[in-house]
Amino acid sequence: MGTDTLVPGVPTASEMMAMRAAHELHDRDVVFVGIGLPNLACNLARATHAPQLFMIYESGAVGAIPERLPVSIGDPALVTDSLQVTSQADIFQLFLQRGLIEVGFLGGAQIDKFGNLNTTVIGPYANPKVRLPGSGGACEIAVHARRLLVIMRMTKRSFVETCDFITSPGHRMPGGKSRKELGLPGAGPTTVITDQCVLEFGEDGEAVLVELHPGATVASVKAACGWDLKVAKELRPSRGIDASATTLLREKLDPKRLYL
Amino acid sequence: MSKLVSMKDAIAASVHDGDSIVIDGFTHLICFAAAHEIIRQKRKNLTAIRLTPDLVYDQLIEAGCVSKLIFSWAGNPGVGGLHAMRRRTEGAGLGQLTLEEYSHFGLLSRFLAGSAGLPFWPLDNYAGSSIPGANANIKSVTCPYTGRQIATVPALRPDVAVIHCQRADDEGNAQVWGLYGSQKEVAFAAKRVIVVAEEIVPTSVIRSDPNRTLVPGLIATHVVCEPWGCHPSFVQGHYDRDNDFYVEWENVSRDPATYAKWLDEYVYGVKDRAEYMQKLGAGLMERLRKKPRMSEGVDYGY
Amino acid sequence: MSKLVSMKDAIAASVHDGDSIVIDGFTHLICFAAAHEIIRQKRKNLTAIRLTPDLVYDQLIEAGCVSKLIFSWAGNPGVGGLHAMRRRTEGAGLGQLTLEEYSHFGLLSRFLAGSAGLPFWPLDNYAGSSIPGANANIKSVTCPYTGRQIATVPALRPDVAVIHCQRADDEGNAQVWGLYGSQKEVAFAAKRVIVVAEEIVPTSVIRSDPNRTLVPGLIATHVVCEPWGCHPSFVQGHYDRDNDFYVEWENVSRDPATYAKWLDEYVYGVKDRAEYMQKLGAGLMERLRKKPRMSEGVDYGY
Amino acid sequence: MGTDTLVPGVPTASEMMAMRAAHELHDRDVVFVGIGLPNLACNLARATHAPQLFMIYESGAVGAIPERLPVSIGDPALVTDSLQVTSQADIFQLFLQRGLIEVGFLGGAQIDKFGNLNTTVIGPYANPKVRLPGSGGACEIAVHARRLLVIMRMTKRSFVETCDFITSPGHRMPGGKSRKELGLPGAGPTTVITDQCVLEFGEDGEAVLVELHPGATVASVKAACGWDLKVAKELRPSRGIDASATTLLREKLDPKRLYL
């Protein structure tokens, strides 16, 4: 498991999540890029195995190749040298709703066992304990992206039996309806990447532990999860996490540690 | 017919207590200068509408101008929360600010309907989400061809839109490059449009490249020339985002006392944008000023 | 990954018998070169879709490629009718060509729905008109907010779109200035997109002015470099409309014999666009060639 | 009444219609310009009493000031020096449907007493005697323009009791429904300008003869109309038709007589 003190060749939790997420990206995938770790994961993939990764930002930049790490989702460096800069209406209608986005990234304050995500409120909506930022583009990304990658640190507070509010639909919603029954076009969350492990979803829409990062154990994962997490019969070996990528992240992609 | 006025006069004429207002721009082209003038003119009970309220609306909220916020993502990206907003919507402050909440696509769709003169806009969204349960404005229609339920939002026709652009003529023909945000949709949806430009140019400049015009002067009510009008946001081809400002804002805004002090010094304490920039200092302007990167022209001949 | 092929190869690979096809462009950027290649390759039973069928589809019809026409205005503006079409839809010819008819806004709305991934598009139109009575595809929904009946049209997802532009890179990132027509909407609505450019440029040219990109290479299937590909239509910055051609067309097309002779000589009788232009002669090209009128570049710096 | 032989100072029928239509245009009116006579009427108005007339073309040109007489609705001269060039989707949605168009122009093969227009077919739709071009933008212009000017030569064949097909709605449609009952936003045809006269519409939605051009009489008009045309109690004097405008049209605005 990662540590927050930088040891050469030993990835931190954030670095592991970025590396593991990069592994999910294939060359030429069309990715709807969020700021922060998703952006780092994309840049890492571009610098390694997916040089032709196609990045689209909700701010309107299509085919961006930012020459600096964007400090916001609408950084001027996303515009310069993009293939196209268009309106947000086009981004949401012509790209996302049209089904052109292969991969979306989301995170959240809460995720439940069906992959539903909450970025709206902790507590009741009318009288929240914490007022979170809200959906932004999350709901429509969860609806339309053909594959959805979730990146979240795993804690009992964030991996919960039931979300206080479903901002973005996962695989099975209150009342038990599936995505298919609700007519949701995208596949929903395909992979949840945490600081300890990777979860995927079974036929019944419930999350299953399928892979541990170096240093994590089934017991440490279960201790960090707010529900009785299913575990795959056979866990896969850890993937995508390696020392050379750590160096790349630290020295080239985010030397100022804006997001790491 | 020139519509060129000062920001002070534009706000005085166009923004009234109780109005609904959109200061648009998405990270790019957010006209803080307009918000600061609204604060100085002490407008009350505004309905403030933006996908991302950002610091610009948080300041309006802290200054007591806003009674209702219509939005889709409220935070200081990568930094923290919007503290004026949170103080009025959580715990003891609950109910001091009314929230009406969408996703980006949903709120954008309200602008699309308003701009297109339709009473509603359809979008394939929200199935399985709690958002419609929290917002009675989100409804649905049955597609007459497929029988599918498609979500709808109602048209939004704000009283005022503030549109910032790189250049405009004095009739308000506004040209923009870089990120468009939803400025076109917001402008066509609004009843009154204040066009704010970094630079006022002769109409011949506009006419020499008509495909760059995002908002026609036809729908502009007032035109304001306000260089650096977007700081700490940015204007492509003019100045970069002041990211340090966004990062430091967390410390300024977390405590109402430091927040009040900042407003006193940088908003109430200056008479206009020029004085604000002077206060920030030439060093900052030098640091943020663009390094030129000119595109080539194209041939409009025939 | 270059998608650059000849027009012959692009049509051979993308356009099949029975396909629905849109060769877009509104007066501007109508790719006659693509239509002529389709005629040479003897495609059959096409559903041809355009707001204005214009001469380009009339030629496809006369050549026997089209079984159905979806359109909103069929004529040779200011000159006369489309005679191949009329001969198959009036009097003795009735029923030789199926027509599906909208208004401009209605057909455009079908492209809008297709491009936006929605099953229908709403438009405030058609009340009191006989058009919906002649086209069962025009239906309505009740606005959930106002109770008003709003007309709808179903999404159109053509098999192939042909998009003409001033310049593109070899991946199909297409930049357009001047009149856009409905090229963007048509491209995003289509299953396959042939981008035809007057000029192929390095991707760096595209990236130097990203706001000019109308259609991203992401959705392009093939890219064709075809200078003068729109004659007798025009391309801003390249060549003017050949209005004499449109005027003389009335005489060519009124009589099936002269029509056939023209097709023989100018379509079947040439192997490609270059030979067609050669046949028309250098004098014509000289007359139609643009007089330059360059716009200035803008600053994308930060 | 006009003649087709050019007599100095004596307007032809087309010239009279262009002049009379120009008279209906006020400075700064936002006009949706069609090609042909409407375009000439606009250029005449711009050259005389309405220099700031705002011209929008369905091809996408907004605030156009063409330096040559456009040979088509999408002439390159409409682009050069326009204030804005935008997509047709924007023209129909943001300008027309949004209600920004003050004046629209239409003509047709048939008009009936309620101002309904036919540009689709003569005869039954399924088996037409003549297949006309169809609506183009006509239907939506008739629905949305705040004022609608109709320009048509008057003959018994074109001014008919009932249109064979209603392409563009007028004031009262089959079944007797009014624009208000149908929820049509624009005012509908406000003025019909013919080669002989001007018609306006009464409260009941029926056309009324209100003005004769020089040379025309009530009898000559009635003889050219396919229904029993109502005549205003008091006819207005002819307006907008004068010799200087004839010279302007012939020498400057359409010297090649493309549309005259």
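The letters A, B, C and D name the chains in turn, as written, and every chain counts its residues from 1.
The criterion applied here is as follows: a contact is a pair of C-beta atoms (placed from the backbone, for glycine too) under 8 Å apart; a residue touches a chain by one contact, two chains touch by 3 or more.
Remember, it's a predicted structure, so these values are computed and weren't measured experimentally.
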Shared chain contacts [chain B and chain D, defined touch]: C
Remotest chain, chain A as reference, centres from CA atoms: D
Euclidean distance of C-alpha centroids - chain A vs chain D, Å: 58
Where chain C and chain D are represented by their mean Cα positions, the distance between them in whole Å: 28
Interchain centroid distance [CA atoms averaged], chain A/chain C, Å: 41
For chain A, residues contacting two or more additional chains: 61, 76, 79-80, 85-86, 97, 144, 185
For chain C, residues contacting two or more additional chains: 117-118, 123-124, 148, 177-178, 184, 208, 211, 234, 236, 240, 293, 300-302
Topology of the chain contact graph, where touching chains are joined (line, ring, star, complete, other): other
Chains touching one another, given as label pairs in label order: A-B, A-C, B-C, B-D, C-D
Chain B-touching residues of chain D, taken from the complex the two chains share: 30, 52, 54, 61-63, 65, 76-77, 79-86, 93-94, 97-100, 144, 185
Chain C - residues contacting chain B, complex: 117-120, 122-124, 139-146, 148, 150, 152, 154-155, 166, 177-178, 205, 208-209, 211-212, 234, 236-240, 290-302
Complex interface listing, chain B residues touching chain A: 26-28, 51-52, 71-75, 77-78, 81, 85-86, 89-91, 94, 101-106, 108, 112, 123-131, 133-134, 148-149, 177-182, 184-185, 234, 236, 240-241, 243, 246, 293
Chain A residues touching chain B - in the complex, by the definition given at the top: 35-36, 58-61, 71-76, 78-80, 85-89, 92, 96-97, 116, 120, 125, 127-131, 133-140, 142-144, 165-170, 173, 177, 179, 182-185, 258-259
Residue numbers on chain B that touch chain D, as the complex places them: 1, 115-118, 173, 184, 188, 203, 206-208, 210-211, 213, 216-219, 300-302
